[in-house]
Amino acid sequence: MHKENEVGALKIKHVRKSYGGTDILKGIDLEIDAGQFLILVGPSGCGKSTLLGLISGLEQTTSGEIWIGDRMVNNVAPKDRDIAMVFQSYALYPNMNVKQNIAFGMEMRNVPKAEQEQIIARVAKMLQIEHLLDRKPSQLSGGQRQRVAMGRALARNPGLFLFDEPLSNLDAKLRVEMRTEIKRLHERTKTTVVYVTHDQIEAMTLGDRIAVMKDGIIQQFGGPQDIYDNPANMFVAGFIGSPSMNFILSTVEKTQEGVGVKVESGNKQFVLPLRADAAAKLSSWVGKEIVFGIRPEQITGTVNIQQDNPHITKADCKVEIVEPTGPDTLTFINLNGKEAVCRVHPSEAKRPGERMQLAFDMSKAVFFDPSSEARVA
Amino acid sequence: MHKENEVGALKIKHVRKSYGGTDILKGIDLEIDAGQFLILVGPSGCGKSTLLGLISGLEQTTSGEIWIGDRMVNNVAPKDRDIAMVFQSYALYPNMNVKQNIAFGMEMRNVPKAEQEQIIARVAKMLQIEHLLDRKPSQLSGGQRQRVAMGRALARNPGLFLFDEPLSNLDAKLRVEMRTEIKRLHERTKTTVVYVTHDQIEAMTLGDRIAVMKDGIIQQFGGPQDIYDNPANMFVAGFIGSPSMNFILSTVEKTQEGVGVKVESGNKQFVLPLRADAAAKLSSWVGKEIVFGIRPEQITGTVNIQQDNPHITKADCKVEIVEPTGPDTLTFINLNGKEAVCRVHPSEAKRPGERMQLAFDMSKAVFFDPSSEARVA
Amino acid sequence: MSQPAAANYGSFDKWLPKLVLAPSFVLTLVFVYGFIIWNGYLSFTPSRILPNYEWAGLIQYERLFENERWWVAVKNLGIFGSLFMGVSMALGLLLAIFLDQKIRMEGALRTIYLYPMALSFIVTGTAWKWILNPGLGLEHLMHQWGFENFTFDWLVNTDMSIYTVVIAGVWQSSGFVMALFLAGLRGIDDSIIKAAQVDGASLPRIYWRIIVPCLRPVFFSTLMILAHLAIKSFDLVMALTSGGPGFSSDVPATFMYSMAFTRGQIGMGAASAMMMLATLAALVVPYLYSELRNSKHG
Amino acid sequence: MADTQNMTATATMPIAPSTTEGQSMSFITRWLPGPGRFILYAVLFTVAIYYLLPLYVMVTTSLKSMDEIREGNLLALPSAPGFAAWAKAWGEACTGVACDGLKGYFWNSVKMVVPSVILSTMLGAVNGYILSKWRFRGSEVIFAMMMFGVFLPLQVILLPMAQTLGWLGLAKSTTGLVFVHCVMGIASTTLFFRNYYVGIPDELIKAATLDGAGFWRIFFRIILPLSTPIIMVTTIWQFTQIWNDFLFGVVFSAGDSQPITVGLNNLANTSSSVKEYNVDMAAAIIAGLPTLFVYVVAGKYFVRGLTAGAVKG
Amino acid sequence: GEVEVLHWWTSGGEAKAAAELKKIMQSKGHTWKDFAVAGGAGDNAMTVLKSRVVSGNPPAAAQIKGPSIQEWGDEGVLANLNDVAKAEQWDTVLPKVVADVMKYKGNYVAAPVNVHRVNWLWVNPEVLKKAGAKVPTNWNEFFDTAEKLQKAGVVPLAHGGQAWQDATVFEAVALGLGGTDFYKKAFVQLDQATLKSPKMEEVLTTYKKLKKYVDKNSPGRDWNLATAMVIQGKAGMQIMGDWAKGEFLAANKVPGKDFVCTPAPGTSNAFTFNIDSFAMFKLSGDSAKAQKDLAAAIMSPQFQEVFNLNKGSIPARLNMDMAKFDDCGKQSSKDFVATSKSGGLLPSWAHGMAMYSATQGAIQDAISQFWNTDSMTAKQAVDKIAAAAKVR
């Protein structure tokens, strides 16, 4: 499964797409190198599947250009784009059994029979569907269908993989395994991949690059950690990360040490001091309202913390709701009249109504303009 | 949406189901009270959807009984079971637009027109599909279809809800919102729910009871935290929790302080002492091999830990792979020749190949018989 | 989907479907539209037993409109067409739905319903003629069984004879309609039926609200086919009543045939054909338009 | 018939054979209440009688002697059934100056019907495939134009078609007749296939396109295997239309290649000779046997749920 | 050469009769290509013929009769048979009335095969005897007889309600009441005055009176089923051409004893003929030669005899030996000769011998409508018929 030349680079220029009168994609620009792994994320209905459709050539762009390698492929037929795709709706051939479904693409490309068998065996093993090879799609469970759809793509050796939520119907365990398999595969073959997912972990762990979309527009395009740590705007900040970042509307205040944001919880007020760089940027905001964003994992219990972290401020808050998730307990508190989530170690967790000492780690806090929602620091 | 009497209790007695010659469900026994929220989890293809099919009456049991409230419903038609269901494959009516899809069930139950409108408006708002009401299913994205399927169920006021992975195609943010909505709804209406999901968080946060299935057999049935903390066997332990629990084959040894398990990582050996209760149970295993299970969040960096926890042992390990997920960085090390995952704070994370001081928290470690895979301590 | 699965790519791929469709299209153009034009021209000529290409203006239309028999034929087509199509459709759908209930002997019943199409009406018409004849068939039988007051003399009744054609027409065609619907029913994804069951719909309502609407394309096919049969109901009428008693059960097809071929009035035959086509176009074209526009989004 | 056996088997056994078909069909059945089911059967059988009545008359008449027909009751059973009329219809009845019965015509029909049905069905399948899955600007208009063609009265076609065939040098030949039937069948076969294919999800075509299959391979490997029911319907339709066609058969065939309907017509229609109804009826049944046969065979292939489970939504 | 012959004699005696012709042709070394198309008294055959002519492939000969020969002649597609006719002396062996039908603009284009007499009344004597009635010779007697039969519980007149049968009976009434001149003026010359005359109204009134004596199941009935009613004694009489004899003979009935053939009431001195003939189409080469031989063969006494014995009609040729024919045939032949001299030999318009098919069809429509519509008065019918007679 090795590709010689850099056929897989993908460039999308000013691409627009409308159905009837409605604009679905409103000017998409993207560029990844051959061998990169691009993740597309965005709310349901934002146009991710549509974008994959355009890349595959199954749908026609309304305007704009799509380049694969050094070819402008707008007028290249899908089958000549050297693409394998997993459809969100599976699209298994109902008349063929699992094996035939997987073999079909290879047959079309005249892969020798013996090699086909070998590849099918390998893919089936990897996807754990060996025992299903003789079944028809209608006799499969949802997750099994999805794996067959995956197998159909993996059996090929294309220049570009397109995956549309390929693991959404799998159980967590299998999903982790599949994710790792995909990662390995990608590391081995260095085939370019465009991958739609709603799973945060998939997005963060698989992607070289992430494009966050909303309403047919790319909101941010960058490396996973970069997007996580430095979201361009409130939408991206809120969308990436689960549970979502807490957004707290508060006022910037001058304090003895520098600048801070005023927070009130359960009738108690306190000021969270800003780190130096943020403080510098926000000096002009003193006295004004700002949205300050802090991720749940940055509000934790006081036990398991780096005690010497200078950015940590402790405060006493009232617990409103408690949700144990296993490794952590999500604890909901009220900050400036809005619910905020904190990630607390189960052993420290309190019950609703009780008060709790929480540590606010401001080293990664971000700040947004409340009207434009753009990042200011 | 309020039910007077306890119609929703569900009892499943020795239920079996086969397709052709293959047994899919091999004797399921379950019982939940009216108003409870039952989560079904299990690997893909284990029979979850099939079980929902039996409860709804759409499929016939091969043997066994299904009771809803105080009725044995084996011979009751689906429409008379007072059930609302979200299908894994959505099963939207292709000839109707979104609004009609949602209204259909109400119409069948002769809900007055005005009330229908009101309910549709409410459901559509909750699912954020107001702008899609006039579209046909073929014009929707995957996640939008799933929400319509959800809306169809929520518009009804049944005695029992059956949800088959109702949120799998939604983005994380929407998913959290929907999850919260479902939780609220359940708290308000106290309708009994059976809910299939692959999402760990959904399973842990929504369920009153969780049934873990494998190959048509229920492996464990209990409260969420209980299953997380006290898995009955290796399968459950590995299946619940993401990333999975690490299983390390090691030998039980007597140490000065009591009993411990011997672990080797990157040519260094160390012994992890057991907590008292486990030590007592494992006294007969001294010198024998055992599988010891420890969750990723119980192997962490040394900074953010409760320094006085007596069960914590620190050890120096070589980092093999590193996967940043945003809030945490998954760090893979080698324990007794097997890969193990640790959850490390991003700020502490090392790069592959480097060595790292890790804290093993043995307070929640579990132990299994390597041959029967049953829990021993 | 409003988009073609794949559209304008390499010029070959782009042209292939059009190329493959082209022969059929050309054949249609020549053999349908070419012939319509030819026929249209003939209707303006004084052609008698053979075509003749002299121009004669509207004379054939004038004669046609004065012809009482033509108007009877038109009225009969209206009665026959609507009843025949309505009843065949209803009966065919009903039978298909019933047969779809996992009936024992489905195969046998299906064949029974279908066989009338298999037999040529040249002779089954005779059998029907006997059955419907008051002196030989049903009425006679009922009298023999002691129901002296039973009368069923539509065949020999000028006002009712066209209805006997409906009976025989339905007999002949509804089985095929059943087959069309049955094939359609068996193509429907049953998960939506399941969903409807859970939604609380009873079986009849599931059919009425979900399945039947899903069969819309089949309805379209069926309607087209039945309309085609109704308009061409030539054998049927000839074999059963020959347009009689008198010309009370004449239809345009038989009218046209006797004018053009039996009576040596090709010009008038052509005029009647044109009138028929024009009427049909007025009825069918809007239907085609709406149906095809809808199907784009279907 | 294998399928009827199959059905009865599934009805009595709780476990259906490993087809999804058996499963999905049983759930509907099960909920139909007892009296409902009785009505269902009652309706089906009543209708069956309506359908069978003419056949009954034909069969009994064909087994009677002429004297019995002249005197007796149409609906009565034959007093001394005999196959003399059948033998005569098949091998002895006059259909012109030759008195060899229908057997010669029978094979003429077969020679004409088989290629016509195959060709027109194939054309229809391909056209339907294009008009549903490879639409292009104007394809709907082409389809509509083809549809309007079904309304063209046959009588209108006869003379121009004769002239055209004369020009093409196909007059009086079986080829010409096959040609006419194909041309006239295009509209209905296209209609059937196109409307069936509309229901097949476009995603399948997309998936196959990406798998590298082109226009024809998608057609043969994906679409055609899903088309069994509609192929059956179309075959039935075309087979009966062509087999029972009289007008084209008589006008465009040569004397020695006349199809069976012409033979039947010549045998049964007489201007001033003695009529032998028993022979007529036997001949009609003989003429209908191949179509009946096709129906029985084709009927087996209406299989449920071919596309079920392919796609979500 | 090869002769392709389009005809609609496909079954029973007709087919055997046609086979004779084939034999003769084969004995002359020609191949006979049979092109038989039955149905609708030649309607189907005409359709085929037109298509063939249009496609440029006409058969050598086609069964065309009466004024249709003129119509085809107008189209310029018929062959000239004058040389055969001269050699075989057709002008002398054929009655002038017959010969005229065979000619287009003075040239022979067709050859006659037989002559049917249409104005026959077929009677079951047994039934009449039981009812105490006698065989009617005029229309008044007919109604007496009918009345008696009706009282005796049998259907007086067996009739099949098809347009051509309606016309056949009407023709007989018109001839019986109006006489030969009236008939000629009305239906051959289509004289408007005659068609609108009170006589015509009387004819129609009488005609309609017959309906009382016909059973109500008659519409659509085939003529031979009507004949079967007479054979079985369910009915007393039938007005039908001489082909009905075949049915009686097939049922093993003996003429004169089991059934009686007599001229329709009031028409004993007239003879409405229906002549079957073959028109020849323009051909070239070998086939043209064979075509001439065919014409000669058709007119040969040998063929005329065999053919007509089979078909129940009489030869078109004069001076034939009628010994092998039965009584009905003999009487027919005698009347044919007699009426051809007396002027009582008349073309049967109901069988397409008197007018163009368009006209004939229109008049038939009017008559059938009158017969079937009880509310229609004779006066209205007269107007309709007169109007129909103008159709060309």
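Letters A, B, C, D and E name the chains as they come in the text, with residue numbers starting at 1 for each one.
We take it that a residue touches a chain if its C-beta (ideal position, glycine included) is under 8 Å from a C-beta of that chain, and two chains touch if they have at least 3 such contacts.
Just so it is clear, the model here is predicted, and its values are computed rather than measured.
Student: Following contacts chain by chain, what is the lowest number of steps it takes to reach chain E starting at chain A?
Tutor: When the steps are counted carefully, the minimum from chain A to chain E is 2.
Student: Taking each chain's centre as the mean of its CA atoms, which one is farthest from the centre of chain B?
Tutor: E
Student: Applying the contact rule given earlier, which two chains have the most C-beta pairs between them?
Tutor: Pair with the most C-beta pairs in contact: C-D.
Student: Please report how many Å separate the Cα centroid of chain A from that of chain D, as a whole number.
Tutor: Roughly 56 Å, centre to centre.
Student: Please compute the C-alpha centroid of chain A, do the same for chain B, then give the distance between them in whole Å.
Tutor: Here chain A and chain B have centroids separated by 21 Å.
Student: Nearest whole angstrom, what separates the Cα centre of chain D from the Cα centre of chain E?
Tutor: 40
Student: What positions in chain E touch 2 or more of the other chains?
Tutor: Where chain E meets two or more other chains at a single residue, that happens at 40, 47, 50, 54.
Student: Multi-chain contacts in chain D: which residues touch at least two other chains?
Tutor: Answer for chain D, listing residues that touch two or more other chains: 26-27, 31, 159, 161, 206, 209, 214, 247, 265, 268-269, 305-309, 312-313.
Student: Which residues does chain C have that touch at least 2 chains other than itself?
Tutor: Residues 1, 5-7, 13, 51, 136, 189, 191, 194, 197, 257, 261, 298 of chain C each touch two or more of the other chains.
Student: Touching chain E in the complex: which residues of chain C?
Tutor: 48-51, 68-69, 129, 133-136, 153, 155-156, 158, 161, 238, 240-242, 244-248, 257-258, 261-265
Student: Could you pull out which chain B residues touch chain C in their complex?
Tutor: Against chain C, the touching part of chain B is residues 56-58, 77-79, 83-85, 87, 89, 91-96, 104-105, 108-109, 136, 138-139, 152, 156, 162.
Student: Applying the document's contact rule, which stretches of chain B touch chain A when the two form their complex?
Tutor: 19, 41-45, 48-50, 88-89, 139-144, 146-147, 164-165, 168-176, 198-201, 204-205, 224-225, 228, 238-244, 295-297, 300, 303-306, 323-328, 330, 343, 346-347
Student: How about chain C: which of its residues touch chain D in the complex?
Tutor: Per the touch definition, chain C meets chain D at residues 1, 4-7, 13, 16-18, 20-21, 24-25, 27-36, 38-39, 51, 91, 94-95, 98-124, 126-128, 130-131, 136-137, 140-141, 144, 171, 175-176, 179-180, 182-191, 193-194, 197, 203, 217-218, 220-221, 224-225, 227-228, 231-232, 234-235, 252-253, 256-257, 260-261, 266, 269-270, 273, 276-277, 280-281, 284-285, 288-289, 292-293, 295-296, 298.
Student: Given the complex with chain B, which residues does chain C contribute to the contact?
Tutor: For this pair, the touching residues of chain C are 1, 189, 191-192, 194-202, 205, 209-210, 213-214, 216, 297-298.
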